[in-house]
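One chain, subunit A, appears in both complexes that follow, with subunit B as partner in the first and subunit C in the second.
Moving on to the complex of A and B:
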């Protein structure tokens, strides 16, 4: 035995005698740090009233009863926050998955915004289309549909990726089953909600519905809304839009939301009105 | 009045005081969206030079919205004290900047001078200040106001506890209130942003806040930040509130877009004096934020810093208990990144203080901005050093209702400890009695929200 190894063994024995045996820590099993299970584990262990703590944590989605390090957040809390923020940022900055658009046979057009920075800072350009784009839509789409549905990234491309494969077919099939012809669906990159007004005018749609990604929060990066308007027109008041929001895997499921949107659209067609002019 | 200057052999000429004010701004995406910003940095500096030589009287005589058309302009102009104004009307804006920063300008001197300044003058001098100038200048000024307790004393740093909930569940809101209290948060206010802007919901939450406040004997203030008309209805029906809240803008048109008029505020103030639960005399709470006028097309072709200064000129008439800018809430089309949001936070705080307001800041950001929690923590430290009256606190920085991030409950305690600041005296004594705070530090018991469940 070498002298070095001998010293190591003696040192270990002495340390064990002084401070007790310390087993090396095993790697914890893999958990998703953005999951509810990971967050559920971030919990103060010593409290005056443990039952009350559990009860209160079920009453709010807020991150309470999480403890601290000195005056600061614990490491797991900090990492969970950063993970959720990262998902939200990525949802804004990423592009929609081209394969999903292909599978749904959606062709793409773009607003007047040239890139993501312009999209985020120039909502006035995001709600407009070039003359070329307008012509392209007129060439490729059914003119004068009763219902024109289209998809747009808005502020979350992730919302399109996660919801649209379920949401869009349910809506088209649901309307067709009621004998309502829908227009040619497509995708608008860098779109804003009022882009639907231009589209309604150039395609002469009776009802226009855009399925659009919402500004991501920490709770849901892929939340989608359906904005629906009867005879949408450029410059009309915002109050003429009917909105179905919170469509995502942790909110209203896309299939369920699609069926609901079909009902709403049918009622809007009957009432010939939308938004505040229309009572569900 | 000289509206042109030379820089690098090139002459820069401006058409109006309003254009000089806009182009002298630090770069902001909102001014670019409005088509008002300087084309490049050279033009920006040229505008700053022109602004530095304009006189106080030039800015007073050219308000960015006409006196006849706008009650914000009228209230601001009419509040100027002629004797003070007479002394300074021939100062240049550059001289005003140096006077404010001078060792000879005491807190009392600045407060006296403030009575002779209009919003445009305050915005103008702000545009000549660097970030450290804004911090240093503001740190000279303390504005104290009293509702149930007194906010803003030198050496204090306070917080509004914001226990927002996705569906206004009263027990869920209560849980977040306990969480915040257990970190020493809530001396300025316990105030909820409601989801439901209905009288019954507002009344129910206020009633719960009142119970908590009375049973735990917490020396603080409470309100629910519904629309002011909803709060008024709730109080008429007997709901207990200490403060009335309203978001305000820098033009009459902007305020109308928020759904109120000056008469509404006057009526509300009168109602609260009779039926409110606070001692007073300060009973109003206003929120502002650069860009809100442009978002309702009520900016009258003026830049967002000048419009923000006009909010403060409007607010001061109502002697509010607290005012804060919600600086990063509006999104990247107004404040693009961390540089812009930090600058705006420092500008707003300085302008509010120079106007004489008890200024706080919601140091916040949305997820589509080029900013994050690190940037907001930076801003918080800078503002605390500047003497900011209060910040916001939410559980772990994540506001589950407004879908944005602001300061965590954990932030104020760290900032106070680093800078030697304290909560409001009575509140600190209460925290010590509850075992949450000891000699300015959180105890081991802090963070246990269940210590309040027995009430």
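Moving on to the complex of A and C:
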């Protein structure tokens, strides 16, 4: 066999493995290798009990029952994994969509980090605010609110883009309906969780809640958490924070999480405690 | 962890029994997630003996004697009605056809405890017996498709489960007591349904005219076994269709099942099946002979047979242990509301739901008004699928529609009851509260599946009010 023919056969085999039996037409749209449909197709063949495997696969986004190629990952698995890794990196490196902030009328401030690289390498700077920023917050925000809610990118700007338009209004309206006035919401770029301690002190909030993007994993790049603390103060132990996590498309619906957060905040106000001191 | 006592009472064609069980709830979500309350332990504390169902005559159950039995059994179990927090009375098989079935089941449910619910209906019984027999649990732990046939005195209740999910349910008028005879073998009772089957083979059975022999019994029960085999034919065989219980929704669902991997028999006949009872005359009916016919049928040879955890008590255990479910988080209610009983389900159409999400709630109002006229119900629970991902805007529009419908259809002081299949009750309840703005009680629950024609009972809040015990049921009397 000529080398050319051999290459042809191998190429056809690879294409068949990737796209099924049919070879894609040149002008056909490319398969989205990060889509759920593509991943649903990555499956062990000749399964003893396909029913059981399907039931297990619906219960977790983890890559189970995917088969392998010798000791290595199958080609499709490898591609999907690379695609998910790429979206995780994108979620960290991108900036929050300005239009979303504008729609929600959130003004922006920034931590001491100057750029994304500094944000990733200097968590200590991400926790702090400059004197000008503090002044700006004091000028623009209600002082001494019962509840101060604000938004921060943390390690996933995508989480803010995907969840905040639903999450934030549910919380503000929900608390208002219970007669609890919330402070002026805003956005902190390059923020870390403990930035909320500084903010709590500057604005003298009884309860502070930050809605923050979480470090992306390979299953969800846009996951958001709500960290809530009663009388948060700089230097306080981490154990004083109450957290509601996994707020994203495939986790807890943002509206549902928002309604739950309202309940939690009300109970924290009643208990005058948060974190491990607070029992739901 | 919270726990409640739950009672199950089964009034069947032939037998009557009761169980008391303890259901324990706990929050199965990790602390940083939204709580998820589940029933995490089910323990049977007491099983009554099996009584013959007392009746006054052919058309009436003996209510006083039944109540007496239950009161006696409560004392025997060391339980008083006020200790019982949940459970179900189920009336099944031919007992359901009795004229006083409806009144009796309601009387019993209030006698048994504040939140013991009345239930009736062939398909519901199939599901309950399937769960009580252990077939559901087996299908879940082994990830297989399992069918349970609960064969009692008057009916056979069939339920299929795949990986723990109910896939199909149906009921046939096939049971051990369709024919009864005295010690001399003289026939004393023949169910018309049995003669429907006999007709197909060109014979009829009449009371008093014929004495039974093992061969004659076998001839009849072989036909009955064949009717049961035909449930799993594709399409469903004519004998199975012939003896389908009138109020059972049909057998069509069984043909779309994944391959059936295991089968189990419960009920009195199921008990004879596994005990390998030999004496066909033992109970003066067809039960033993039917069990024998089943052992020689294709149901035994073509499928893997498993022995259920419960046979004769499958239904009562199902009613006591499996009837109660637990809802997701709830909102805005006053304690005095509960228990809420016998609320008819209004399942909103997909089209009306889609419209309501985009702010047009005309269809939703129409369907609710029509439902009220149709059923004459003063209360109802508005049930919908909901969405996996809903925006705040959609939520608000839907909430406005529901609030508007609630105001126009409900009397003042009546609570607004809403149920969604997807996880969205908390936010929806909150949004409805804002849309209403008048302090009307709202009960909004999720994570519960219902069908049109179902009824719902809701018990007192558990786990510091974060969840509610819920029973989804039917109330189908003749």
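Here, the second predicted complex is superposed on the first by the 227 of 280 C-alpha atoms of A that agree within 3 Å, B and C clash if a C-alpha of one lies under 4 Å from a C-alpha of the other, contacts with A are read in each partner's own complex, and residues count from 1 in each chain.
In this text, contacts are C-beta pairs under 8 Å (C-beta built on N, C-alpha and C of every residue); 3 or more make two chains touch, one makes a residue touch a chain.
As the structure is a computational prediction, the values presented were derived from the model and not from experiment.
In the superposed model, A:68 makes contact with subunit B only, not with subunit C. When the two complexes are overlaid on their common chain A, residue A:81 makes contact with subunit B while staying clear of subunit C. When the shared chain is aligned, no partner comes close enough to touch A:233: not subunit B, not subunit C. Applying the stated contact rule after C-alpha superposition, one finds that A:135 touches neither subunit B nor subunit C.
Of the two partner chains placed around the shared chain by superposition, neither subunit B nor subunit C is touched by A:16.
Which of subunit B and subunit C touches more residues of subunit A: that partner is B.
Shared-chain residue A:52: touches subunit B and subunit C both. Residue overlap on subunit A between its contacts with subunit B in one complex and with subunit C in the other: 49, 52, 56. Taken in their complex, subunit C has these residues touching subunit A: 32-35, 142-145, 162-164, 258, 329, 331, 388-392, 395, 423-427, 429-431, 433-434, 464.
Only residues 49, 51-52, 55-56, 165-166, 169-170, 173-174, 177, 225, 243-246, 249, 252-260, 262-263, 280 of subunit A touch subunit C when the two sit together in their complex. Residue ranges on subunit A touching subunit B, taken from their complex, read 44, 46-50, 52-53, 56-57, 59-68, 70-73, 77, 81-82, 84-85, 88-89, 91-92, 120-124, 155, 215-219, 221. By the touch rule above, subunit B contacts subunit A in their complex via residues 29, 32-33, 163-166, 169, 171-176, 178-179, 183, 331-333, 336, 366-368, 372-373, 394-398, 400, 403-405, 408, 410, 413-414, 417, 441-442, 446-451, 453-454.
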